[in-house]
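I've put the structures underneath this note.
Across the two complexes that follow, chain A remains constant while its partner is chain B and subsequently chain C.
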Partner chain A sequence: MSKVLKGVGLLALIAIVIAFPQVYTNPAVTNYGVFALIYVTAASGWNIFSGNTGYISLGQAVFYGSGAYAMGIAARDWNITGTTVFALLPLSMAVGALIAVPFGLAALRVRRHTFIVITIAFFFIFQLMAFNFSFTGGSSGLGSPFLNWPAATYNIPFYYIALAFAAGTVAIAWLVRRSRFGLQLRAIRDDEDRARGLGVRAMRVKLSAFVISGAITAGIGAVWFYYINQVEPQTGFDPLFDLTLVLMAFLGGYGSISGAVLGALIIEPLTLWLNTQPAFSGGSLSEILLGGIFLIVVLFLPRGIIPTGGELITRFRTRGRAAIAPATAMGSNPRTAPAPSSIGGGASGGAQ
Partner chain B sequence: MAQEILQEIVVGILVGGVYALMAVGLTLIFGVLDIINIAQGVLVILGAYLSYSLSTKAHIDLFVGLLITIPVMFIIGVVIHWAFIRRLRGTERTAMTLLVTYAVALIIEGILYKLYGANDVSLTASYTGTSVHVFGFYLPWIYVYGFILAVVLVVAVYALLYRTRFGRSVRATMQDETAARLVGIDVNRVAALTFGIGVAVTAAGGMVYGATSAFNPNSGYDLISRLLAIIILGGLGSIGGALAASVFMLVVESVVTIWSPDWAIAVFYAALVVVLLVKPTGFFGRKEVRAQ
Partner chain C sequence: MTALLRTEGLMKAYGGVQALNDATIAVEQGTVAGLIGPNGSGKTTLFNVITGYERPDAGEVWFGDRAITNLAPDKVFAAGIGRTFQLTRIFARLTVLENMLVAAQAKDRPRNLLSWFGRDAWTHHRRHAMELLEFVGIERHADLLAGSLSYGQRKLLELAYVLVADPAVILLDEPAGGVNPTLINHITDRIRQLNAEQGTTFLLVEHNMEFVMGLCSTITVLESGKDVVSGPPDIVRTDKRVLDAYLGADLEEDPR
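Presenting the complex of A and B:
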């Protein structure tokens, strides 16, 4: 029953996102769609690594910017123009994956706070390289080749490319979660030393997840670059980008696939909309508001919308009776009712 | 050339002293509360703006103004801890505290934009533009005064930690929170006061920072990344480590500036990565606790 419902819901969702730019053809509206999907991809990509392993990466912008720059530099130096530029997307992803290897090998030796700070350090090194090397165009950045598409439908191909990336990333996240690999990742998140003791090759597993996440982020960074037609060191390598991803994941539900998607779908359109409002011009009020949302999420929804919502639904459905109710001593306590299963954190499955 | 390098080393040590002051606050907060206060950078800038207002509106000397700004920043710190930090518990606390302190930073930054605008300002006084000539070096007076102030305050914090009953309970909490609780230490009070002290030192750090370089509400990010690099390099929670790492990092940066001002800050972060490849716990870090 509920499986059928889920299937129907998923199909409906797919139909809606595919039909969206056909129904709302206004470029101002499809623009929201493109950015939302870019962030769905990036947040889900973050989640594949950080959500599963518990290592919070604040260096995703390294991949985002590198992917954008890789496409820009390749297009400029090889004189690629027009739609052929999209053929460079695999190159950008490969660059992201290649950068992730030494980055991961250095950063994944340390844990928790130290890991976070190392990722920030890498981020700054990359931003500085973009500023200071000559082949990156310095502080004025790079422009992309020109696309002579009509303005009215310009966004639509980008919408579908971003959609393909988003769907692919969610599919990968789902496959990772179901696989032995995903189980190993979550074992590391629960207790890395014990996981290692049980035979998980921690470094190799962590690094693989980091590389996957890096390739995805670099790919979507390249899409973003071609969409907005330029990249500068401070926009390609943007510290706010990293923190936004974390906020999205936490708002939706840390470690859950649908959580990252939902968080991105809420926050990115909201910030885009706030920036267009005259009352919020200059960005300072939207900054205060974003900070306020942050605080509300962490203080009142500490586990995110999806897990908390799932819990409420379970409680609503089972009100008045014990959840699965074999009247044993344990079952009599409604608090031991089954966790809001499939979409939850999944943290309990790993290391035992 | 040798003279030039020596000059930069001296400058590095003087500036490093000021960074040490800010880093001590950060590492102290980490040691007691096990959180990284991302807002530390923007709090330094807030401290700088407080000094700016006092000196331009009320014409109070920068150093005298600290008598007002330090207590104000202490209260702000205690309030932040009371309102947000103390509520955080549970398994994802590391990431949660990161988000909360970042949110606080965003809000403070937004307010500063509203109040002061986005333009660069700097603190000026009779001693910010003039230099002293000693042993063939030209040193701006503010660097010298700032360094002296930093040393005085670091010694004061040190004395507070190692010569008072309160300091003993802070150190006990740093070593083992549960045990500290068991012997009757009010851990929550210690945490609140520590957070307050850690933030209060940013008033002084911010004043010297603002007097040595121009700043705007956005300057906090650059600052917090440097401070994080410093306390990680020194070993999280180690006060001596924070002092050594500040001076080391700032001397490195300052010396590299001779050849390439553009790359100096990259070398700064590269030094962090290299040191951690060799010694993952930093200069004086304790071994990381098993598991999370």
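Presenting the complex of A and C:
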């Protein structure tokens, strides 16, 4: 795709998301927008760490809940009310980052399945703490300060705050992707020991990504808390939150920036809509459906929509031409090997 | 001559298996040294201990006059020791050029967090990386995913990205293993050229005797984790202990 076309598409997208709550003013509709953007942020935040490093974190709810609780506790104890509460967002992000340091130092010592199990363990530790400490309000959780905004337009400021978070997170993800930092993360994903042998300080690099991801998730967790006005241990530290993020990323395209965004934009509105349908009373049926989607993705679309779609487009555009000559088919002497007929296309198609 | 890289009395056991048993080797500066020995004699373990992938139970590793025992792999690399792996290890889902840049950026440490996000310094790294890819002969594949390279090309890529950081010593684990004779000659030429023109020191593990004998000026023989003999190829080739190690000792003469 040409750069101009991409630029125009991006501008159009920005215009649409900015205009959305002005066009569809119905709070029931803008609510979809707010939640979709919250999950775009969380899934992209997950992707910055897990998508780049290949370490699948199922402990993002630790940050989400901690960010929510940090804002709730600070507002309660310092008697902060009204729009001033939004000034606590940086605090929530700092709390997320601070928690990510010991969490990461412990969990990032191990890899693959063991890492996943440890993130789940951390998740349950935090949920139990929220249940049992008195400053977290125990099982009844915390309420947020009251915002005396009219119900008709209540969602709109939240929409724009969530949009700012989503845009910021995607921008950070893009910066990480094109940077030396991102290259080191992806080298760790492919072969961590080899990367260390080439001078990559693996722990420091992984931990940095984890902290960035934790801060973002905590920030959006705080936005979520103020939006829905309350947090309980089982909603702030929700195991489904983690599974949903993973599903979003895998559906859209694991490791791809636009994939995480697309996955969130598909899954979250779908879940919300299903929960409002009387046929799916209580929402448990929608969870079964999400499980079904997960199975379908893993079985038929293992690399996600964006990479698979990119491949199809490449195949469509290069049809009739010779296939990209794989390096393996070139004989073993590289000096006499023929030049590949077309470099790039399929090989780089799945990257973004 | 001074030993640029040496180990003293390295011990390493895996459970009941003594992989290294008082392994003492020395690699002189500016030479191409060989390390041979039967399968399971501890060659790769020795490499792993030198480069920080394994901790020795006892013994020391010296790089010049600096003790590098137990240093982490990234620090060993930063100190100036690069290595390749027996079964080549490349970053399959990065392009060939990106593979090169992983090592390139490790060399100039970012000054602050923000410079991690910059790509200002990449231009000259890219040029250097392309030169090295040209040097090993795979520059036309720079934009392909490294995972699509053939085994021989992966070996060349691995050699090239170790060269990026311009290490003083390069440890090669079976550089000629599993590749065809033409490519072996190509690799031999590159090693000779680096050694002659830049004075790079090499230590290589190899089973291909022709390759080792033709390339190395000193050869150390490892058997059961212990260095049994060390010297020029002609001496090593005819040493009785080496023949015993490779062909098996005569039962009557060997009390074990």
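Here is the rule we use: the second predicted complex is superposed on the first by the 320 of 352 C-alpha atoms of A that agree within 3 Å, B and C clash if a C-alpha of one lies under 4 Å from a C-alpha of the other, contacts with A are read in each partner's own complex, and residues count from 1 in each chain.
Heads up, the rule we're going with is that contacts are C-beta pairs under 8 Å (C-beta built on N, C-alpha and C of every residue); 3 or more make two chains touch, one makes a residue touch a chain.
Note that this is a predicted model, so its numbers are computed, not measured.
By the touch criterion stated above, A:175 is placed in contact with chain C alone, chain B being left untouched. Of the two partner chains, neither chain B nor chain C is touched by A:74. In the superposition on chain A, no contact is made by A:228 with either chain B or chain C. Contact with chain C, but none with chain B, is seen for A:183 once the two complexes are overlaid on the shared chain.
Of the two partner chains placed around the shared chain by superposition, neither chain B nor chain C is touched by A:301.
In the superposition on chain A, A:147 contacts neither chain B nor chain C.
Once chain A of one complex is fitted onto chain A of the other, the partner contacts of A:197 are limited to chain C, with no touch recorded for chain B.
Residue overlap on chain A between the chain B contacts of one complex and the chain C contacts of the other covers 191, 193-194, 347. Interface residues of chain C facing chain A in the complex, by the touch rule stated above, are 51, 53, 72-74, 76-78, 82-83, 85, 89-95, 98, 101-103, 105-107, 110, 113, 116-119, 122, 137-138, 140-141, 143-145, 148-150, 152-153, 156, 161-162, 165, 179-180, 182-183, 186.
Taken together, the chain B residues at the contact with chain A in this complex read 30, 36, 84, 87-88, 90-92, 94-96, 98-100, 102-107, 109-111, 113-114, 118, 221, 225, 228-229, 232, 236, 262-263, 265-266, 269-270, 272-273, 276-277, 280, 288, 290-292. Taken in their complex, chain A has these residues touching chain C: 175-176, 178-181, 183-184, 186-187, 189-191, 193-202, 208, 326-328, 330, 332-335, 337, 339-340, 343-344, 347-348. Against chain B, the residues of chain A that register as touching in their complex are 54, 56, 106, 109-114, 116-118, 120-122, 124-125, 128-129, 131-132, 191-194, 239, 243, 246-247, 250, 254, 282-288, 290-292, 294-295, 297-299, 302, 347.
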